[in-house]
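Two complexes follow with subunit A in common, the first pairing it with subunit B and the second with subunit C.
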Partner chain A sequence: MSEQKLVNLTIEGRQVAVPEGTMILEAAKQAGVLIPHYCYHPGLPVAGVCRMCLVEVEKMPKLAPSCATAVGEGQVVHVYSEKALEARKGVLELLLINHPLDCPICDQAGECELQDYTFQEGRADSRYREPKRFNPVEDFGGDVLYVTNRCILCTRCVRFMDDVHQDPVLCVSERGDRAMIAKAPDADLTQPWAANVIDLCPVGALVSKDFLNKARAWELDRTASVCTGCSQGCNSILETRDNVVVRQKPRSNEDVNKFYLCDAGRLDYRWMNRADRLEVPKIALAGALSPVDWEIAYAEAAKALAGKRAYVVASPKLSNEALFLLKRLITKTGGEGAFRCATGPEAPLPGVKDLALRADRAPNVQGAELLGFARRDADVLSGLKDGDVLVLADDVLEGVDAAASAVAKASAVIVVGTTLPLHLPKVAAALPIANVAEEEGTFTNLRGRVQRYLQAKAAPGLARPSWYALADLATAVGADSNACTLPSATFAELAASEPAFAGLSYDLIGLRGATVAGAGAGAA
Partner chain B sequence: MAINVKVMERPVGEVSYVRATLKGMMLTLKHLVDPHRVTIQYPEEKWDLSPRWRGTHRMLTTEDGKAKCVACGLCPTVCPANCIKLVPGEDEEGNRYPLVFEIDEFRCIFCGYCQEVCPEEAIHLGRHYENAEFRRDRFVYDLERLTAQTHPVSELWDPAHPKGE
Partner chain C sequence: MSHGPSAPARPHSPHAHHEPYAPVFTPGSARKAELDTIIARYPEKRAALLPGLWMIQQERGWISEEAMTEIAQQLDLTAAYVKGVVSFYTMYHQHPVGQHFIQVCTTSPCLCAGADDVVKAFLEHTGCKELGLTSPDGKFTVIEVECLGACGFATPVQINDDYVESVTPGKVPGILSSLK
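Presenting the complex of A and B:
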């Protein structure tokens, strides 16, 4: 950055110095002024079609579109001058001519930029008396529904499909007030990243079919999280209503996913709300599993593990903290750890460097590998020896015949999970844990970036966060983990004992993530 | 034991109750001969309610009998008592409508904000006061009950005529 020339200018009386070539709109953001805009989006090429970002620049003959006007030395920009406000009010009035104003039934209401800016700068009433143009709603395929009437033709969706997804299937068809977004014939918005047009749309023209009519934007609680769909580790926001996750949206992170989240990740949140959860600790009593107190369950698990070798099958959807505590358990009992990971085809987003729906469809494969878990995709139980205690950490036997002979080799089975697998023999203890939406923790993505996720909803029943349950279990078997009183304290223990994570802490990771030692090569 | 009790010397006219009793009886007598009525013969006679009376709710319906509500969620948002429960959904024609619309009339403070905020003029407060029930849970009015009620609805205060009814 140092070799870049800085330009000094004044925006709304505030002095800012920005690199040469920056647009006024971006410079104003640095000055703390948000210039209203629709067609401009930092991840897309500049179009300059909406005319909403007009500002007054001294010594310029006309108002300048701030998204497409580069800064100049000594410029004086007035965002809220009378002339600029008057111009933007006119733009808003024209945009609203054919806008149906159906905010009560529009999903975007509450997070709509047209609403926001109209309240901020628009006219209180309309002078338009003629009937509004009407076009029917069109299904764009995939998760996308196009409500033509609400469209303000900012062309963000068109530019996303053209330049970022590089699959140009959208265009503006017709002219004048008949103009609308059209889809290429026989093409559907089923591309792996196509649903991002829903987030890019500043109004309610492109809406998610999955979220349609489900909740109002202002009722939702938003929590910073990390998508669990693949090892890319896209930053996301979990939006919950009444303790139910209702949608997942991208959270922008310049170093990981920019502004995007793939369709598979975005729609993969329903499992977080599943109702058939393991809610209370259970131990085997007289041939059946009976609910007991946590302390009794820990003691029973420790009894089963006493003098035995633990064979831990961990889920790569567990946090670094949980995997680290499982590693303690392994070290203490002289056992070994393994995991397996579902895979699928990789689906890159062409316009963004190093962003793809990765083949490994779990968020913490890298973390599991760094912590010494062996990847055994073919047969995860192949390392299980006669007499071992099998520790299953979360849904690891999905699709594996639990009653098969491999499990029978174990002397006992301890389940640490969100659910209890059916027909699992020899279960000594089952400890309920919270899932990713219900606890705090970190994942390590495939580039070695450690990223935090926060708790979005409450765990069911007596379920405890995985770091809590596993720290107590480790303590019960003799690997003292009493220092793990919080996720941050657990991570501090992890950073202290694992060289790969050395120097990292929750404060350092923040909500943007930080890279583990030795990674960086190949990182974006 | 003598303590210093001070006996007030007041004139007889002030301490005597005879005069006050007679005054009260005179009033009673006056009402007897001039019966201006302060009671009404409820339930045969009903109270004449102000057009802006705010009583229990009513949901207005369209011509085909469906609730006008589009489940926009403004009334539960504006409700200061948090007494409206709304779950939006879609009907078979793809229109937005309330799957669940319940008003807890016990929690309601009858402020009329829901009526004021409603963009569809669907939910109204009613000019109605006979709400007695035998069970507490009957005071949670569901959509069916809100639409079935027929009493007149209250009028909003008109800022143009602040003193008008």
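Presenting the complex of A and C:
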């Protein structure tokens, strides 16, 4: 890369130097100028069909489409000159001729580039007085609904299916004012990554059925998170409204998921809102579980663990921080840790290197393995010995017949989880923890990339973040974790004591992630 | 509102029931041989798409979604690509049309010469309820088209592949009865 020639040019009076072959639109981004555009998308081949990115380049006879015009040495580009503004105003007026202007009932309103650019540069009114062309709404299958009248025919969806998903089922049908996006005969957008066309659509033409009429875009709070659907660790945004997660969208990360999120991942958020949660700490009192204060629950759990070996069954959906504190508990009691992980068929996105819905359907399998938890998919209780204390860390033994199984060997059961499994015998203490949407933490993806997720909503009742509850529990059993006062402090302890995580910190990881020592080579 | 030849008749579902599709380019058939000859003329198979679609339309009267899939397989294209092409050109029918496909020119000179009344007469005498719809007996479909290039003989009407020139409303019944 060092040999790449740099080209100097001026955009809106700002000097930039960009590699040769860069398009003006990308160069302008580096100059801090966002040139309005619709059909251009950095993840897709350039089409040059929308004409929205026209800019004036000195010494060029005509306005240039900045998405398809390469930079030249000494170029002087005017984005907001009178000529360029007039041209884009004309483009907008034409795009709006048949647009229904149904923003009040459109899901895209508030996050619509047609609204935004019209507000910025468009005409205040239309000169078009004829009836508008009308086409019915079409169900595209999967999660996708096509509202034909709102479409501006940028063809981002067509190019995504052609070049990125490589299952070319979309096309532009008809021509002139009748033109619209259409599916191939008998095709549906049910491919594993097809719903990305909804995010790619700059207007309200392709909308999510799942999110349809659920919320207005401006009512949502957005939080950086990591998708928990599989071990790929796609960066995501959790969008919440009134403490309820209503949508998950991709958050672009050049090194992990580019601009995409698979359909399974994006729709896997409802469990974060489940109502039947464990909300208060409980201990066994006179044969029944009774709500108690946190301190009493810690003490009860420590009492059960005294002199016993802890057999920890941890969910690979727990953070590195939680798993690290569980490891302290294991080390202190001379116990062992195991986990199991649901699996499913792998579904790659063909046009992006090393991106797939992975077979392991949990976000932190790699973290659990790095922290010494043994993977026991067949029988997660196989290592449980007579007299052990079974610590269930957010794995509720679903599918395991607790009464008949090896649970009987345990002297007591301690639940650290978001839910309290029914019919679990011998529960000495139950500690409520927050789920991924309610706390801060990190996951390690299958390539060893440690990525942070932030808190999107409040935890129910007295539930505490997993790192908080487990630090207290570790301290209660004598593994002093009083330094773990914050997720970042917990991670600092983790980085200091685990060689695999050495050198990492929240600052270093940021919101893009950083790779653990010895990893990174795995990417094929 | 204009009704181009390919404007789908919206009252009918695009998946309306029709007879099972019989492939046109069966191995060993004359049409297959014709298509192969055309393919051989061009550096890319794709180039034979338009003539291939014409063959289907001649054989079947219209181009169904099954037909799009068939020609796509013949030419190593995707069905979506073929659909884009078929729907772009207004002369390919995306739904069944009458046995006699009547195209009345209504561009400016013909309109001045009374093309509107010619259209009305055709609709009335064929029994077609609306432009683009087919008459109940399945014999006729009437549409308006842009300039047929016969302004000196306003109003020209193209019925299937033949031109009838200088048509007036009064001549319409005679023209229709002369059609088989």
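Rule of thumb we're sticking to: the second predicted complex is superposed on the first by the 521 of 524 C-alpha atoms of A that agree within 3 Å, B and C clash if a C-alpha of one lies under 4 Å from a C-alpha of the other, contacts with A are read in each partner's own complex, and residues count from 1 in each chain.
To be clear about the criterion, a residue touches a chain if its C-beta (ideal position, glycine included) is under 8 Å from a C-beta of that chain, and two chains touch if they have at least 3 such contacts.
Here the structure is a predicted model, which is why all the values come from computation and not from measurement.
In the superposition on chain A, contact is made by A:K183 with subunit C only, not with subunit B.
Here subunit B and subunit C are compared by how many residues of subunit A each touches, and C touches more.
By the touch criterion stated above, A:I296 is placed in contact with neither subunit B nor subunit C.
In the superposed pair of complexes, A:R175 makes contact with subunit C only, with no contact to subunit B.
After overlaying the two complexes on the shared chain, residue contacts for A:A224 are found with neither subunit B nor subunit C.
Once the two complexes are overlaid on the shared chain, A:A517 sits clear of subunit B and of subunit C alike.
Once the two complexes are overlaid on chain A, none of the subunit A residues touched by subunit B in the first is touched by subunit C in the second. Against subunit A, the residues of subunit B that register as touching in their complex are 70-74, 77, 88-90, 95-96, 119-120. Subunit C contributes residues 1, 4, 6-7, 65-66, 68-69, 78-81, 83-84, 87-88 to its touches with subunit A in the complex. Subunit A makes touch with subunit B in their complex at residues 103-105, 109, 212-216, 218-219. For subunit A in complex with subunit C, the residues that touch the partner chain are 131, 168-175, 178, 182-187.
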